[in-house]
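Let me begin by handing over the structure; questions about it come next.
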Amino acid sequence: MVGGLEVLLSPVILFFVLGAAAAFARSDLAIPEAVAKGISLYLMAAIGLKGGVQVAASGASADMLAAAVAGLVLSCLIPLPAYAALRRFGKLDAVNAAAVAAHYGSVSVVTFVTGVEVLEAGGMAPGGYMVAVLALMETPAIIVGLMLAQRGATVEAQPKGALLHETLLNGSVVLLTGSFVIGLIAGKEGFAPIAPVFDGLFRGMLCLFLLDMGLVAARRLREARALTARLAGLAILFPIINGTIGVLVGTAAGLGPGSAAALGILAASASYIAVPAAMRLALPQADPGLYLAMSLAVTFPFNITVGIPLFSSLAARISGQ
Amino acid sequence: MTDTVARRKIEVLVDAPLLPRLTALADKAGVTGYTLLPALGGSGAGGRWSEDQVTGAQSKVLFMAVMSADKADKLVDALGPLLESHGLLLIASTVDVVRGGKF
Amino acid sequence: MTDTVARRKIEVLVDAPLLPRLTALADKAGVTGYTLLPALGGSGAGGRWSEDQVTGAQSKVLFMAVMSADKADKLVDALGPLLESHGLLLIASTVDVVRGGKF
Amino acid sequence: MTDTVARRKIEVLVDAPLLPRLTALADKAGVTGYTLLPALGGSGAGGRWSEDQVTGAQSKVLFMAVMSADKADKLVDALGPLLESHGLLLIASTVDVVRGGKF
Amino acid sequence: MVGGLEVLLSPVILFFVLGAAAAFARSDLAIPEAVAKGISLYLMAAIGLKGGVQVAASGASADMLAAAVAGLVLSCLIPLPAYAALRRFGKLDAVNAAAVAAHYGSVSVVTFVTGVEVLEAGGMAPGGYMVAVLALMETPAIIVGLMLAQRGATVEAQPKGALLHETLLNGSVVLLTGSFVIGLIAGKEGFAPIAPVFDGLFRGMLCLFLLDMGLVAARRLREARALTARLAGLAILFPIINGTIGVLVGTAAGLGPGSAAALGILAASASYIAVPAAMRLALPQADPGLYLAMSLAVTFPFNITVGIPLFSSLAARISGQ
Amino acid sequence: MVGGLEVLLSPVILFFVLGAAAAFARSDLAIPEAVAKGISLYLMAAIGLKGGVQVAASGASADMLAAAVAGLVLSCLIPLPAYAALRRFGKLDAVNAAAVAAHYGSVSVVTFVTGVEVLEAGGMAPGGYMVAVLALMETPAIIVGLMLAQRGATVEAQPKGALLHETLLNGSVVLLTGSFVIGLIAGKEGFAPIAPVFDGLFRGMLCLFLLDMGLVAARRLREARALTARLAGLAILFPIINGTIGVLVGTAAGLGPGSAAALGILAASASYIAVPAAMRLALPQADPGLYLAMSLAVTFPFNITVGIPLFSSLAARISGQ
């Protein structure tokens, strides 16, 4: 089983905490943006490759399809209750509520990567195909969010084709999917010579990246003027509810405990790359300070420190491990 | 002494994901010469931001183009709706350039 | 034709570690809208420098803000002591902006 | 109120490998104070370019210097041949600076 | 022997294809320039070190001298017929033809590095001294190109000393040569403690770099307005002819099949770092959009995907392996 | 024992020499600043982690306290005679003398890291707690330097709190201390999965970083107009004297030869990150061209090539090894 405290005291999480502490103390510690971006691309390529290699070894399975359908459905439906809660309880206008809701339907790659790391360390490695599910879940919520915004307010008509294109071909989806396919083609043998980089360095690189994410998230929280107590509450409630639903749906769909936990982590996580960029283009009236504060400054740290162990042990318990 | 002529310089601070739309509009307005400068951060009605490649959502770029006064008027008109909907900063000024025929 | 109005643009080249002090002074003078541009290097009375993140001691940033003439005077006055003690470069110019009400 | 005086600001967009030649010419013309800003990309008669450190062949830098009108004329003259042969963009404008004695 | 398809399906090449595909599909996938540049410096240091260590182990040999002379001669002579073809068939003016010709006389470090990788994987590792040959071949063609330009057109007299200096001491020549010498001094034992970085990570880093090169090359091809069909044809013909000549000359000079293949790859490759920078300075009238389109957007991808396997199997066949 | 020549011919030092040679020859070789900064942060995290893990294994000891006290005292006292020498022999005014003196009281992380590398290779590894001593020695000299400046000249009153905050929480202190604590918590077992990055890559990364430092130091030396022969002499004399004192004090305090050598290296080294930034804020009248030339362009290269072997063999000899 995945122990809570043990996870919290692993270097991966401790580096995140160090980054957050440094930012709160107003230290000038900063990782060059180009380097942080480089590490994030590395993590995507690595997780994609590893997933592909695993699927190449284990072959396609019914699980895969079940997980894909479950992930797609979750990412399309999660924005709906989120939107309602944001409007009524969160007191947001239609455009901002729709924008925030889209973030929660989509996913965070780093949360997933950290989750896989924790699950593997706890002997509950999810299926390699979950990487494909991750890629599938990145973009549908953007469309749902825009539909919600257009229902709730008069929103400038956008060049749809352009937006769809930008969304579907955004860098992280392309890199994840492409690396997954490369992993599939290369298989164990093809992967061996590049394993020192994409496997051996993975955990250490994740430490450095989470150090940066701790800095970025905490700085944003410090400067988040738009974040009310109600919204902060929702930014913690959403992952708990969505994550629990994700684990239950995953288990019901017949996934093993590792994959069910991973689906819970995906459902609980909120996008802070693909969706903000799309919103900046399509819903410029929505406040980036708001949606980034919720997804990046509250939900992301919550998931890294509390959510991942929570959904992992939930999945383990349900499956009777 | 080298001859210089007066031209208009237009600067627009634009969100990075919006840049293709801006240059497309400039292109339509007949402005094909421009230079892009990176921005590090800033502050405005919408709060503070700082270049953060990981998120990318708040990266901004300074579009700068020198042109004749006529073209400048056309460009500002063409950009109008985009400036309005996305709340972009546009700065115009008069400058002198050498080899004015290019602009 | 889109309406533009005249405003003042103030640019200050400032040492990176000094930036928080500069923006705090600007804030006090009522200037909350500004943009920061990176600098690569330069030369002056104090010799040459070039951006060097390892040391960091000689990184500089270009602070740029557009505002009304009144505020510009206030800002220049407020920054006076800092410009003097740290020998900073300040450049003011007149520019045209759209939606002048913002500034 | 802090006193300001009028000076000329010269900006030249220059290919990175050409920069040493430009600053050497500026030096000879007596211009020793300048600041370099990075450029990200652009478009002109020669097509589009974007900063690409791997090739490096199309990196450009914005040279910016403030000086007296006299020196500005001298600098523009001195740079003339280089601007011509390499097709560089030069922008001159009038700005106000504090502590004008420096320039 | 080095199989064509097998090479094409190795992760190193697949990442290049992924980058190119992403750029053609207009994805916003991008590797920060500083990181890509950092990886390219790493690759140069690593290949230099490895070459030096190998020569330290095997000692100097007659092969080394033969390869150096062959490389130098090739890089001085290749621009001449290339210039003629570019003027007559390619319909370029003298200045542009000279500039392009210089690129083909010089070499591409990444093409060489990828070639060595492929040759090693196929059991045909070239001699370590080929790194020195690579460094030797980088700059002479620049001088030849400028002479061609001055014969064919009135070209502004340049400060010769300055240009020669810039050319001979350009970063990649210095780093390659310096690392080679460090490898020579350090030998196997001195290299051991740094091997995890300069050997262990090599292939994985090459994957990430070729991902970027795929993006860069395809974006350039998309925006290459100056590239006519005739010029694109030459950009494919040049490497085929030059590479074949390189393999033949190398074999005739007594090099083993690995080193002969490497010489062919060097002859086939075209510079896109040192030569463009020198041309920008010395031949500003030449169009960078043109020479970079040919060398980087056509010849480089051709060599990575087709040229390397081609020259490798040619060398193997000739030597009767 | 740590041999002088052998050290000088290790790749780590040779890369430094290569960088310096390239800069003196005016090559355009340059490592992107973001990448160099990223590597420097990596080195700090790695050295911090390794120190923490070591202390976790060996437990707290009396040595630790002795080393901490010795380090603190050295960094507070070293600026005093340095100031006097700079004023009288170096002919500096009070403000510049105080600024330079502060640099010599503080420390250089990279010098320390290189020193540890050399000591470990020579079988004289210092105690893991020396990392904590390094962090302790970074900032006190800044305060001493400012006091010297205020005594010697009328210096604008500074917002003290702000400066103290900036100094104590500067990025490198926070990262070193934070990583040390993470290492302490994680211990050997927690460190194992991230060891491929933070241990395996260490030496190779140090090579790349010292290549950059060679470039940076030599470029600065070339442009150092403010550096008189007398000041250059002091920039060599200071590390010799301070380093010798450091070794003696360390040995007297009961430290083993490795830790005593490390204390000597710390005493000999001069800051070029934390102190320059603080001086730029608090003593803007002082000339950065001057203090960076002395600490970065003269003392740093001296310590890397001569100082480290010197203090190592001194410590070995005194302790009778």
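The first chain written gets the first letter, and so on, giving A, B, C, D, E and F; residue counts start at 1 in each chain.
Going forward, contacts are C-beta pairs under 8 Å (C-beta built on N, C-alpha and C of every residue); 3 or more make two chains touch, one makes a residue touch a chain.
Just so it is clear, the model here is predicted, and its values are computed rather than measured.
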Practice task
Please identify each chain that touches chain C as well as chain E.
Solution key: D, F
Exercise for the section: Starting from the Cα centroid of chain F, hunt down the chain whose centroid lies farthest away. Expected result: B
Practice task
Would you mind checking which chain's C-alpha centre is most distant from the centre of chain D?
Solution key: A
Exercise for the section: Note whether the interface between chain A and chain E is symmetric in residue numbering, meaning over half of all numbers used appear on both sides, and answer same or different. Expected result: different
Exercise for the section: Could you put a whole-Å number on the gap between the CA centroids of chain B and chain C? Expected result: 19
Practice task
Could you put a whole-Å number on the gap between the CA centroids of chain E and chain F?
Solution key: 40
Problem - Centre distance in Å when chain C and chain F are each reduced to the mean of their C-alpha atoms - result: 34
Exercise for the section: Specify, in ascending order, the residues of chain A that touch 2 or more different other chains. Expected result: 28, 32-35, 37, 166, 196, 200-201
Practice task
For chain D, jot down the residues that touch at least 2 other chains.
Solution key: 17, 37-38, 53, 93
Completion exercise
Chains touch in the following pairs A-B, A-E, A-F, B-C, B-D, C-D, C-F, D-E, E-F
Exercise for the section: Flag every residue of chain F that touches chain A in the complex, lowest number first. Expected result: 32-35, 37-38, 41-42, 45, 49, 165-166, 169-171, 174-175, 178-179, 182, 185-186, 190-191, 193-198, 200-201
Practice task
Using the touch definition up top, name the residues of chain C that touch chain F in the complex.
Solution key: 15, 17-18, 21, 46-49, 51-58, 85-87
Exercise for the section: Could you pull out which chain A residues touch chain F in their complex? Expected result: 9-12, 14-15, 18, 21-22, 25-35, 121, 196, 200-201, 203-205, 207-208, 211
Practice task
Flag every residue of chain E that touches chain D in the complex, lowest number first.
Solution key: 33-34, 36-37, 40, 156, 166, 212-213, 216, 223, 225-226, 272-273, 276-281, 284-285, 287-289, 292, 296
Completion exercise
In the complex, the residues of chain D that touch chain C are 1-2, 4, 9, 23, 32-38, 61, 66, 93-99, 102
